Amino acid sequence: MSPLLELQGVSVAIAHAQLLDGISLRLDRGQILGLVGESGSGKSLTAMAAMGLLPLIGGRVTTGAIRFDGQDMVQMTEAQRRALRGRRIGFITQNPMTALDPVQRIGAQIDVVSRLHLGLSSAAARARTLELMTQLRIPEAGAVAEAWPHQLSGGMKQRIVIAMALAGEPDLIIADEPTTALDVTVQAQIIQILAALVRDRGLALLLITHDMGVVAQVCDRVAVLYAGRLAEERPVDPIFAAPAHPYTRALTLCIPRDDTARGALHGIPGAVPTALNYPSGCRFHPRCPKAVSACSATQPALVAYGEDGRVACHLPGPGAP
Amino acid sequence: MTAAARPAPAVLRAFRRPVGALAGAWLLLVIAAAIFAPLLSPYEYDIQTLKEAYQPPSAAHWLGTDEFGRDLLTRLMYGARTSLSVSAIAILISVLCGMTLGAAAGYFGGRFDRLVTVVVDLTWSFPEILIALILVAIIGPGTTGVLVAISVAYLAQFTRLTRAQIMTLKGETFIEAARSLGAGSGHILFRHLLPNALAPVLVSAMLATGDAIILEATLGFFGLGAQPPTPSWGSMMSAGSALLFKSPGIILFPGLAVAITVIAINLFGDALIAALDIRSRMRPPQ
Amino acid sequence: MSQPLIRVEGLSRRFDTGGGFLKAPRSMWAVRDVSLAVGQGEVLGVVGESGCGKSTLARLVLRLIEPTSGRVLLDGTDLTTLGAADLRAARRRMAMVFQDPYSSLDPRYTVADVVTEPFVVQRRPVPPGAVAEMLEAVGLPASAAAGYPHQLSGGQRQRVGIARALALHPEFLVLDEPTASLDVSIQAQIIELLSGLRDRLGLTYLFISHDLGLVRYFCDRIVVMYLGAVVEVLPDTTTAPRHPYTRALMDSSFSPDPAQRRTLAPLAGEIPSPFALPAGCAFADRCPRADARCLAERPPLDGDPAHPTACFHPL
């Protein structure tokens, strides 16, 4: 079976800056792919590319293909891409405060998605809206549908945004930091609801997050981005148990676990370079504890690693730095 | 906000834009003419030579002469002295008072703030010209009257802008940080709030100087400004208005001087706003 | 616990919103009757979600805002009654590191201006070589002194903020979510920096955070707050929680380990509005153990003095 979403060697540029370089990913139905990396690594840009929204920010795909259900979105007309968005690809943004129209009632904002994309009547759309809200465990859905956005809490607003993303019965959901703005107890609720929906409905979820805890909790596969390139892409269990790329390893060591001893927490020295001053060779080499001379000289290719994984490193795998 | 908000290098950056450079060059020319008028002109501004009256522009008199035979260009340069200095000094007084009032109101708040706000809102709802006319009527015509009139007319604008700047800046964490170090009101006002509020207020003052030149000319036109024989652009136009068909240059040249100078001030101000990157801060939210 | 350097007694703060046209004035208690002590050399963590009052508490402790009632004692001196001059002198002994590394530095100050501001404010001469020394202590090159904050990354700015806090060699630092707006990679750098400075300079920290995992790693004892009040004080980082809210908070922070996946009974509902506090336990409407008593009566913070819990039905 062909994957639902496939990025093949996608490079993206804004003006003269090459911001993504040969990103390859695949995502099947019923699967959650976590996209991680520090700020500036290209996570959100990858999501914009997969949504076909690059023109909004003046970006363009320079090489590669983005196939959604077998069709190349790069070659599509804007009208064809627009027909996919909202209908077959749902989007959940980071900030629920700005994702809702402040002068429209909650119910109407969800209704419009299924009326537009599924051609439902007003009554049928409202029935569907209430059903979705109930599934998202929104208490008193009828009353909330008549409320205004400012009357809802942040967690409730994010549920409404999720309901909007689901209203067009999409096959793929792209969620960009969906819980970053929320409190931890609310984040736990939302993440669990989201994961359950994907499993129950056989959706695919591209989950962009900086939170390795969330990734470990719900993702099937993990793609690690660094400075616009893919560092490692593997199933979730081995990538946490034995990270192949030093960057992945460093990222997991940044978060204290229950058993992390005092002083065992290590940051990553330095900062993510900007597109204007990417280092030669492997872009991580100036911050890498394992770097050897080859790392600054040649760019490591993305090669198969372990069971069903890929890594771009000259010295992959465990081992002392 | 970035370090681009530092005024001194921003003036140079404003000159780098073509429009800014052109406008800036004109302003420098007018200011230089006003300062060096006695050196630049072979004529006196007040000596009447009636046999040379109403001359058209010539090699001897580049812009011609007026009804008393005085060289128009010379009077224009001396007029620039009056018009520019009165406007600039009036705005300077207005800015100093407005910043003090606005900063005190915005920083300390409370009853004083409410009082200042009411008075400012009240003056804000009258046209500047009306305020100025009333004040000149009270103080009497002449340079001092015009100076006070213009200062008061623009006081509300600077008070309001400064107050809004201070109110916004007061909420920044670096103010709280300074307080956590033990800083008192003086340090916070003079080392943090006012320096950060300065750029928009100065640009606003620059633009208001343009308006003030028009206001000064208007008062001069009504005969309320500098008294003869001291020339000002407004009083020159006033004299010329009666002779519009006989010798149009007498009213035309001071009129053009006012128009071009005010346009130049506005264009240069725009270039400065762009160079400082403070467009969003120029209009206080109300 | 060693001799407390900071003692907070019955600290409360009420905020009144002004009301206005067609709007009734309202009031809320941001911090309700909080008592705690921070031992010399201790790192005391204060953890809670938005609206729990932890940031207000941080500011009350440093008297950046005035309390409605209660006292804060620094080494026995009541800060809440000090006059302006004495308070300024006391500020040499304590300092704060702020959450937002962008708005906490004046954009018109150079890095050197920022780190010498404490001396200017306290009217003391800047010791020669102090700037380079301070920058070195926080891991910045001496060449950074002449630059402006906008030329620095978020992590570097936070280092400048820490250098400013340390300038006058204080004993006590309040750290208000100092890493909340940074990447985890940078967060770990800053935490290690703070940890090293504490060991080297013998500092005492009050560490405010929403991240229980981070607090458990970094702090000696943990105060858990909910809606302005302390619900539990954990005596160390390994003791199991007794308050159902602390338990929920722990369950909600996912461990970065797929082997520890779990399905939680997610906590129902959200934090109630502080403007309409329930009569009983503030957590009762979300608590799986709540009964009629919890809804009617507010549980006091008591039990084991080393591990007090405000709950009628502790775990």
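Letters A, B and C mark the chains as written, and numbering starts fresh at 1 in each.
Going forward, contacts are C-beta pairs under 8 Å (C-beta built on N, C-alpha and C of every residue); 3 or more make two chains touch, one makes a residue touch a chain.
Nothing here was measured: the structure is a model prediction, and the numbers come from that model.
Q: Need the most distant chain from chain C, centre defined as the mean of C-alpha atoms.
A: Centroid comparison gives B as the farthest chain from chain C.
Q: I'd like the most central chain, judged by C-alpha centroids against the all-protein C-alpha centroid.
A: Given all protein C-alpha atoms shown, the central chain works out to be C.
Q: Averaging over Cα atoms per chain, report the distance between chain A and chain C in Å.
A: Centre separation, chain A to chain C: 32 Å.
Q: In whole angstrom, what separates the CA-based centres of chain A and chain B?
A: Once rounded, the distance between the two centres reads 55 Å.
Q: How many angstrom lie between the CA centroids of chain B and chain C, rounded to a whole number?
A: That pair's centroid distance is 50 Å.
Q: What residues of chain B sit close enough to touch chain C in their complex?
A: 1-3, 5-6, 172-174, 176-184, 187, 191-192, 195-196
Q: Over in the complex, which chain C residues touch chain A? Could you list them?
A: Its residues touching chain A are 49-50, 153, 155, 183-192, 195, 210-214, 216-218, 248-249, 251-261, 263-264, 266-267, 270-271.
Q: Provide the residue numbers of chain C that touch chain B in the complex, in ascending order.
A: 59, 62, 64, 84, 87-89, 91-92, 95-96, 98-100, 103-109, 117-118, 120-122, 148, 150, 161, 164, 168
Q: List the residues on chain A that touch chain C in their complex, please.
A: 38-39, 153, 155-156, 183-189, 191-192, 210-217, 236-237, 240-241, 250-258, 260, 262-263, 265-269, 271-272
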